[in-house]
């Protein structure tokens, strides 16, 4: 090899310099391929969706591409907020369409930098019908405020278009095991004796979720706090204006601890902490049943069905849910929802067309047909009885409230989720945990 | 493979030992084999578990350990693999991964070898300072560098091109490679270089005909890790190719899992597919890991 | 198709361009006067590597240093506030403790096992097969590794059939299952073990490459002198491997400080498993770039003494050769 190399000498120089030019020419010429820019035939979309969600999205896109000839390039990118933040800072290309940021400060910042485009201009004439068709809680700030960064409203303009929703805090059960009626209050729920229905324990729980471990527990406490101390406290708490050690939040933690006590959860607390949320509901369908109830969002039905292919579980006949029972009747009607949004980062004709299409009932009906999620539009038809009822809950909610952790600064969210794991493991550490959370809260919102 | 071992054994035999001595020799070596086999077993069990699980359904994985599949009823299924291969983009994404990985590997190893040679065999002011800075920067996470590098790429008009990831990977990989290769090149005996210099060989000849050939085992082992680092990368690909049409395999397989974490079981099959090529590269490069290459090239 | 051509051109072209650079450059340098030549030559050789490092590492690092003194919106100077935050926030203490555990145990075991395995397998016929077994975890991405270890650490209630390999083994000995990643006494060792599992292959391959460079004559001479195999390893092989062990050890120490993937995907620091890098990442995710940058600077400063040790090592090497 060495000899060959050495003999090449002068010829190599010529060849080498030649190829250098060639590389430069090729890379600058052939590199672009489907990027940003004001394309009329291509749209780049980043989404966090994968698997069945991604398939459903492609199903939604198919008629659009057929009709308009616009090609949509979809990339699953779970790091999109960071990537877009970098792109904005560096002034480089952004995707045409991607979810908006969750951090309120970031929403305002991106709007002020012109990175986010207002739906009022993007949707044009169809903006009004988008607002009137979509769940009001997702398009209208409470009390008509001009700023609500949680749903992308800044200065009275909308920057996030809602396309999908999930309802959280539903109590799932196996219809063959739990034959009673839905409890009226949270206390009634806790008072149910599982042995009466031949189940080992009252609840199933699974808080493990890799890097996001603890979020299933946070959903549970969110649903308690918003119904126990109300939406005002809940929202202020998300914004860092209510301390964790405040009586309301502490009460929430204590109520949560009653729910997930060693006696109440299947297999004891170590099982709840070690079990992935996706298979947490498995004991519902074992015989004898491991537990009576699992609290989880609408999307969990897909997990039930995939884990027991042989049982061929049918929504509404084999399993069902009841809505989260009332904690303090004063705050009935507060519902915890999760929604996916699209925000537009490049104002191109093709991207506008796609945004307009996604805001229509025609497009969103395809999600509803594929199952596993609710659309953001009120009037969709669901063949799945479970989703039909979930849609009713979302539609009749007085306040559709966001998931707390998702809208806290990341280090706050992480500390919040992990505090729930810690108190589940060691209920005695509650006060220490809350004091620590106060500290994180003071530090993480500060320089925002 | 290991020429050294065979010659050692042959010499033991040729010393005129009887079969009893031979047996004694084997027995004496028994603990060695046992230790090696135990370590290897511990090391492969987790991976074996995953490979077996890649042929199982999620229901089975959740309700029983992977080893239960070894006994009837096995319940093997190709569902995970079908799921991965059903993604239209998989073949092109593998091609893109290769198109990203191979040039990036070649570029950085070539540059690193040259740089390491300078650090090992030339004295110049600031040499140690440069070295400390370059190598010390290995500790800085890539995330911190993304914005400035994006700005530089924008200035060079290479954003979103495949060239940008080649350059980025080369930049991020170089410190480690220079560090490692400097050690190897620095360890080569001075006499060889001196005698070459006496023979009138310039630095280019010494580098190409002595330094590079003698460092082949090191370069070969480094190649694997460089290759792997790029092959498994997700961050750099998303940061520099996110809005382009190039989607390497790592990006495409994230689409297997739902945003709620459903479908993680398919990642077992994806992981098996993903590790196949680097493993093949490793097995191929093993031929360069044998004793004798360095001494051979000195004589030749 | 364009892309394939570009790639092929790059694979063939870049080495040729560099070859051209070397040969052409050396020809020019040869013609220069002695003094200029001696001065310019090293820079000529180091330029491509140093240039790349400057663009991708040095310049961003300088920017990081600047940001570490600014607030998260990058709008005003905040002095040492970000550093004070890092050193005084209680969570940092746990992260520092865990990073120290990683530094000691991950580095120690990975290098030691890598060395032992490299030496052992050098003596058997099935060396390449054994090496593949040890190397097997290396090409596995962190996400896949977390799935693999999910199957190892899985926990079911006591009495139920265990689905995790480790708890199934414990069950054979009638021991209660252990919640490996939840229990504070087992979770850090468990995570560190996963780290070691992926790292030993690297150490083994690099050390083995050096081992192969030790000439047969040296070993034969020692054998003829009557040294047994243990003595050969201790007195001949290990000293000759020291430079490589230093390099591999340094790399592992840096990796230990940077440890992120495994902790992030498996626990993200829950139950007191946080390390410095996961704390830093969380600050970055929260758009507290100043704080994240301060951590980066601290890490860089922490690594400098280590590199000075390495430089000394190289200088010794230069004197000896």
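The first chain written gets the first letter, and so on, giving A, B and C; residue counts start at 1 in each chain.
Following the convention adopted for this analysis, a contact is a pair of C-beta atoms (placed from the backbone, for glycine too) under 8 Å apart; a residue touches a chain by one contact, two chains touch by 3 or more.
On a predicted model such as this, the values are computed, not experimentally measured, just so you know.
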{"item": "Chain-level touch network, classified as line, ring, star, complete or other", "value": "complete"}
{"item": "Chain pair with more C-beta contacts, A-C versus B-C", "value": "B-C"}
{"item": "Rounded Å distance, subunit A centre to subunit C centre (Cα mean)", "value": "35"}
{"item": "Inter-centroid spacing, subunit C versus subunit B (mean Cα positions, whole Å)", "value": "13"}
{"item": "Where subunit B touches two or more other chains, by residue", "value": "62-63, 143, 147-148, 162-163, 208, 246, 264"}
{"item": "Per-residue multi-chain contacts in subunit C, two or more chains", "value": "3, 6, 10, 14, 18-19, 23, 154, 284"}
{"item": "Touching two or more other chains - residue numbers and ranges from subunit A", "value": "5, 23, 27, 31, 82, 210, 212, 276"}
{"item": "Of subunit C, residues touching subunit B in the complex", "value": "3-4, 6-7, 10-11, 14-15, 18-19, 22-23, 26, 30, 39, 41-43, 45-46, 48-50, 52-53, 55-61, 63-64, 113, 117, 120-125, 127-128, 130-141, 143-144, 147-149, 151-152, 154, 161-165, 168, 197, 200, 202, 205-206, 208-210, 212-216, 243-244, 246-247, 250-251, 254, 257-258, 260, 277, 280-281, 284, 292-293, 296, 299-300, 302-304, 307-308, 310-311, 314, 317-318, 321"}
{"item": "Subunit A residues within the subunit C interface of the complex", "value": "5, 8-10, 12-17, 19-20, 22-23, 26-27, 29-31, 82, 85, 103, 105-106, 109, 208, 210-214, 266-268, 270-271, 273-276, 409-412, 414-415, 417-418, 421-422, 425, 436, 439-440, 443-444, 447-448"}
{"item": "Residues of subunit B defined as touching subunit C within the complex", "value": "1-2, 4-6, 29, 32-33, 35-36, 39-40, 43-47, 49-50, 53, 61-67, 95-96, 98-99, 102-103, 106-108, 110-112, 114-120, 122-124, 127-128, 130-141, 143-145, 147-149, 152, 162-163, 166-168, 170-172, 174-176, 178-180, 182-184, 186-190, 202-204, 207-208, 217-218, 220-221, 224-225, 228, 231-232, 234, 246, 250, 264, 267-268, 270-271, 274-275, 278-279, 282-283, 286, 289-295"}
{"item": "Residue numbers on subunit A that touch subunit B, as the complex places them", "value": "1-3, 5-6, 23, 27-28, 31-36, 44, 46, 48-54, 73, 75-79, 82-83, 86-87, 89-95, 209-210, 212, 276-279, 282, 299, 302-303, 306-310"}
{"item": "Of subunit B, residues touching subunit A in the complex", "value": "57-59, 62-63, 143, 146-148, 150-151, 153-154, 157-163, 205, 208-210, 212-213, 235, 238-239, 242-247, 251-252, 254-264, 266, 297"}
